[in-house]
Amino acid sequence: MEHLSNATIQAFYLLFSGDRDLWRIIGISCRVSSLALMIAVLPAIMLAFILSYARFIGRRFVISLFNTLLSVPAVVIGLTFYLLLSRQGPLGDLHLLFTQSAMVIGQIALCFPMLVAMGHAAFQSADKRAWETARTLGASPLRALLTIMREIRFGLLAALLAAFGRVISEIGASMMLGGNILYYTRNIPTAIALETSKGEFAQGIALGLVLLLFAFVLNTSLHYFQGKGQVIA
Amino acid sequence: SPVNKTLRLATTTSTENSGLLSYLLPRFTQATGYEVHVIAVGTGKALRMGQDGDVDVVLVHALPAETKFVAAGYGERRYPVMYNDFVILGPVNDPAGLKHAHSVVEAMSKISQHSALFVSRGDDSGTNKKELAIWRDAKIKPKGSWYREAGQGMGKVIQMANELDAYTLSDRGTWIAYRDKTHLKVIFEGDEGLRNPYGIIAVNPKRYPDINHAGAQALIDWITSHDGQQLIAQYAIDGFKLFIPSATRTAGTDSK
Amino acid sequence: MSYIAFSETHKAFGRRHILQGVGISLREGQCCLLTGQNGAGKSTLQRIIAGLERPDSAQVDVGDGYHSWKAQRKFLQANCVYLHQQPFMFDGSVAENLAYALPRTLTKAERLHRIQVALTWAGLEDIAECWAKTISGGERQRVALARAWLRSPRYMLLDEPSNNLDEDAKRRTLTLLESLKVQGIAMVVASHEAEQYRCIADEQLDLAQGRISARTGVGSTLPPSNIIPINKFQQA
Amino acid sequence: MEHLSNATIQAFYLLFSGDRDLWRIIGISCRVSSLALMIAVLPAIMLAFILSYARFIGRRFVISLFNTLLSVPAVVIGLTFYLLLSRQGPLGDLHLLFTQSAMVIGQIALCFPMLVAMGHAAFQSADKRAWETARTLGASPLRALLTIMREIRFGLLAALLAAFGRVISEIGASMMLGGNILYYTRNIPTAIALETSKGEFAQGIALGLVLLLFAFVLNTSLHYFQGKGQVIA
Amino acid sequence: MSYIAFSETHKAFGRRHILQGVGISLREGQCCLLTGQNGAGKSTLQRIIAGLERPDSAQVDVGDGYHSWKAQRKFLQANCVYLHQQPFMFDGSVAENLAYALPRTLTKAERLHRIQVALTWAGLEDIAECWAKTISGGERQRVALARAWLRSPRYMLLDEPSNNLDEDAKRRTLTLLESLKVQGIAMVVASHEAEQYRCIADEQLDLAQGRISARTGVGSTLPPSNIIPINKFQQA
């Protein structure tokens, strides 16, 4: 335990003394995960909206499907894209394997179902009159959509945070597709996995705390934008 | 039959992945009645589990670390079990010309001279430690974009080297298991400096009186016995022998 | 002269056939009072006219001959405003709710001005900055009415507009509707307090058993709109 | 690719021919994850409810905290409990390490924040009048709570499915705390990880499909109970 | 004789001081009509009485002397039923919504019987199995009223009970309230249609500027309840 607190202190020391390796790892985590989220979020929200407001055959099947995809281990996603991107795979010519792009692709595949499933639950909870009122007051479909999104922003934010949590903390896909190459594709979770596999548990935990700190800062700032978390009539 | 039937063995992924353990252990169970729970992790983590008393016995391949482990009193004694050897894998066309090297140090130097891509385990495993020792002997600080530290298991690193057309250092067991799945070939092998010895150490019962020391000793006794060694010698995948028994010598360190 | 004419409107919810071939028409500057028992289908009919609820079948003419509701839906949604029986407030202040209905092309000064006028009309100056989700029932109704007015549609479908309103607000609402009529806006008011609206209604339609059973011209000297033959409309 | 379809066919063959090893692995996955969920769900929902309906200092901090915990990698959770349960740790005397109980503990820690964060988002979306109407009609607080839960069942179900997805697919905690011991603590995700590390990609994917199949069956049956997924006034 | 007396009730929302020392009392078999402009605080007062909204300060006597609202809240929640200005329907059928208000100790036959009576009274037999979230505004109001009645409370706080109701339903509601009065139930009815309730109201309280400004005994021969000195209550 003492060991642990030492390692934590050391990790924070490295963090704030601007240790280059550590910041690089953090930078890769941030870049890859935020890119993946940014790419996934719009289409996912649109799909969630369509699944809530449109009526078509197979709608419930699609919803079930996305809920099911939440149960796919990151390593299976990683593996699937590995086989696609590998030299012998159909997309081998792109030479994407073991690059950050490959990690981004894997993470998109990971957070997309989460965004759709949770986003759908959020849209589902919206008052139907919100859409009607917006439309009848002359809002374009896009504006009406934005209005509903504002109404359910708590739910959408929760979806976003859950998706963020999923991509920032996953190891399977980053490991398979990125290869955990120092300075190139090693991000915080794969670095943690590495330290752990070395038996350097304290280092692993300390890195975990760094990750937590980042997530907490992000969270709190998002909550700030969201306003009061109160139940209203 | 024994009082405490379950025995926890922490070992490296290479022994587990090569299939050796699933070949040996049922026979051990038959002979002694102990059931072995295998926890396959990296060498560093396996030793750490022994140190913490979470397992009863460790089977690893990182001689200096093992010696330290025993010296620190974490383990009782180290018994040599077997060895296999490391090989340098690389693309068939061998861009750095390793084929003509006379020693492993020379071979690795060539890689760095040509700045040929090299994928390192980078995870402090036995194999990684071996690789770093060779770099040290060659007086080279591996750095630069040609040197990729992967931080993953052996199998993954072979796959990576395959994808990147890079060189890498692998233990023979994993290589044989993977040889059908890659374009890589053994480019350099057979040097004395590439030997990879495995040792088995019972966790010190003085530190943890309630661990299954009897079981650990039984496993050690069995695996270093004539029968056990015979079985190791016979183990092969597609006709390739993977391990050479080495327990004939007395307990302690085996010669380099 | 702009108009909307619905005919043969059918709507069933499950096995309950709510509208069974209803016809109704809205004409510039005409106010039509829609009455009927609870559950008669007044709201449903208004929602269909506003393009919000899909009828099982309906013939709709908006000046270009009869087409299906689906084909006319865009026009209906763009030209009608429906005031919900239980109005919905967007998350935001009362002023923001009013601003929502304004065209986005207006200048800022113009927006502020119009909002101010609406606030004053509705007597909501004091609570302009209050969070609209928590205001009282009557305030809510006023905001919704003012908001619909700011939209300046050509057709207004008001569902129980005087619900929750106090005497004063009811009077103002009547005055507003009267002036809107003069501006040429067509209105359908559904209400259980028919007497209140008698003075501005041109006709009263009574919905019962899925049909419009009584058509009474009230106040206005024009014949009830539905009786005008359709071809006459089409010439207009 | 051909390899892959072969492996899939083989995996399903094993599945339906009642292969003992495979079913044991599946059984361990189901037992451990469902136990973890069952233990976590009630306290988590209660906490989510309190965070939505009660007013106390630090409430928003707690909400942020649970959202942050979504970003903790499974391996860090695994590591933390490893250090606690390891012989040298404070709970070493329980001898829980490398047992299914340890896996259950790790998975509880993984799904609890998910249930709280998503459950809170769901409660947040409830109409305040639901609680008031229930109470004024004489419902006990417990019954009123159940009534609200019924109103927001879509959101709660989504929370449950997300939590299920998290525990059924995680590798880090199961690997660290269970040790991936065949017949004892090897579950589907750790088996996938093992196959993958052996380079047996096809086996890995095939096991992933088995997992998917299970998740899908579970999902569809849950959706059946939930009723129509429609937006209503 | 059971009663509830509130005095010195204060409530502010932000800087808006809505109730500024209001006193009101409810006594067995008395019906009190609460009037006031939109936003006067009628609903807020009713919600405070029903134990649903926390006042900033209030003295409450339920027969055991004056205590804080917080101390009496349990009693208030257990004995009062508040009918929301915009009633809420639970997810389920109309019959299920009605069943919600029944004590869970009743036998099944008794439950069914009471639900049947309520459905008949409210004229909702046809839609007993409809999904309550989609019924019409007036039907909703009827269900809410019938549901509150099934709860058989000692105090009823009705917020605009005749909203959305058609003529017939309004009449039935009045009849119901009259019979409830006879059964000894105390009522506070907030409404903008005071004349409707004049015939059953014992007194009319007018809420303005945060105070009860006009206290008019109507119909009843008893003096308005609030004027009875507090010590007299405590002797009762």
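Before moving on, here are some points about what is shown:
Chains here go by letter, A, B, C, D and E, matching the order in which they are written, and residues are numbered from 1 within each.
Just so we're on the same page, a residue touches a chain if its C-beta (ideal position, glycine included) is under 8 Å from a C-beta of that chain, and two chains touch if they have at least 3 such contacts.
The structure displayed is predicted, hence computed values, not measured ones.
Considering every other chain in turn, none proves to be in contact with both subunit A and subunit C. Listed here as common contacts of subunit A and subunit B: D.
Averaging C-alpha coordinates per chain and comparing to subunit C, the farthest chain turns out to be B. Taking each chain's centre as the mean of its C-alpha atoms, subunit C lies 32 Å from subunit E. Separating the centre of subunit C from that of subunit D, both taken as means of CA atoms, is a distance of 50 Å. As a whole-number value, the distance joining the C-alpha centres of subunit B and subunit D reads 36 Å.
Each chain gets one centre point, the mean of its Cα atoms, and the points for subunit B and subunit E are 80 Å apart. The set of subunit D residues touching two or more other chains comprises 127, 129, 232-233.
Of all residues in subunit C, those that touch two or more other chains are 86, 134. Among all residues of subunit B, those that touch two or more other chains are 153, 156. Under the contact rule defined at the top, the touching pairs of chains are A-B, A-C, A-D, B-D, C-E, D-E. Put simply, subunit A touches subunit B in their complex at residues 86-87, 97-98, 175-176, 179-182, 184, 186, 190-191, 193-194, 196-201. Those residues of subunit A that touch subunit D in the shared complex are 1, 4, 52-53, 59-60, 63-65, 67-76, 79-80, 82-83, 114, 117-118, 120-129, 152, 154-155, 157-159, 161-162, 164-166, 168-172, 176, 188-189, 192-193, 196, 201, 204-205, 208, 211-212, 214-216, 219-220, 223, 229, 231-233.
Put simply, subunit B touches subunit D in their complex at residues 8, 13, 17, 37-40, 52-54, 153, 155-156, 158-159, 177-178, 181, 208. Considering their complex, residues 50, 52, 77-78, 80-82, 84, 86-88, 90-91, 100-101, 103, 133-134, 147-148, 151, 153 of subunit C touch subunit A. Residue ranges of subunit B in contact with subunit A, taken from their complex: 41-42, 44-49, 122-125, 148-153, 156, 160, 162-164.
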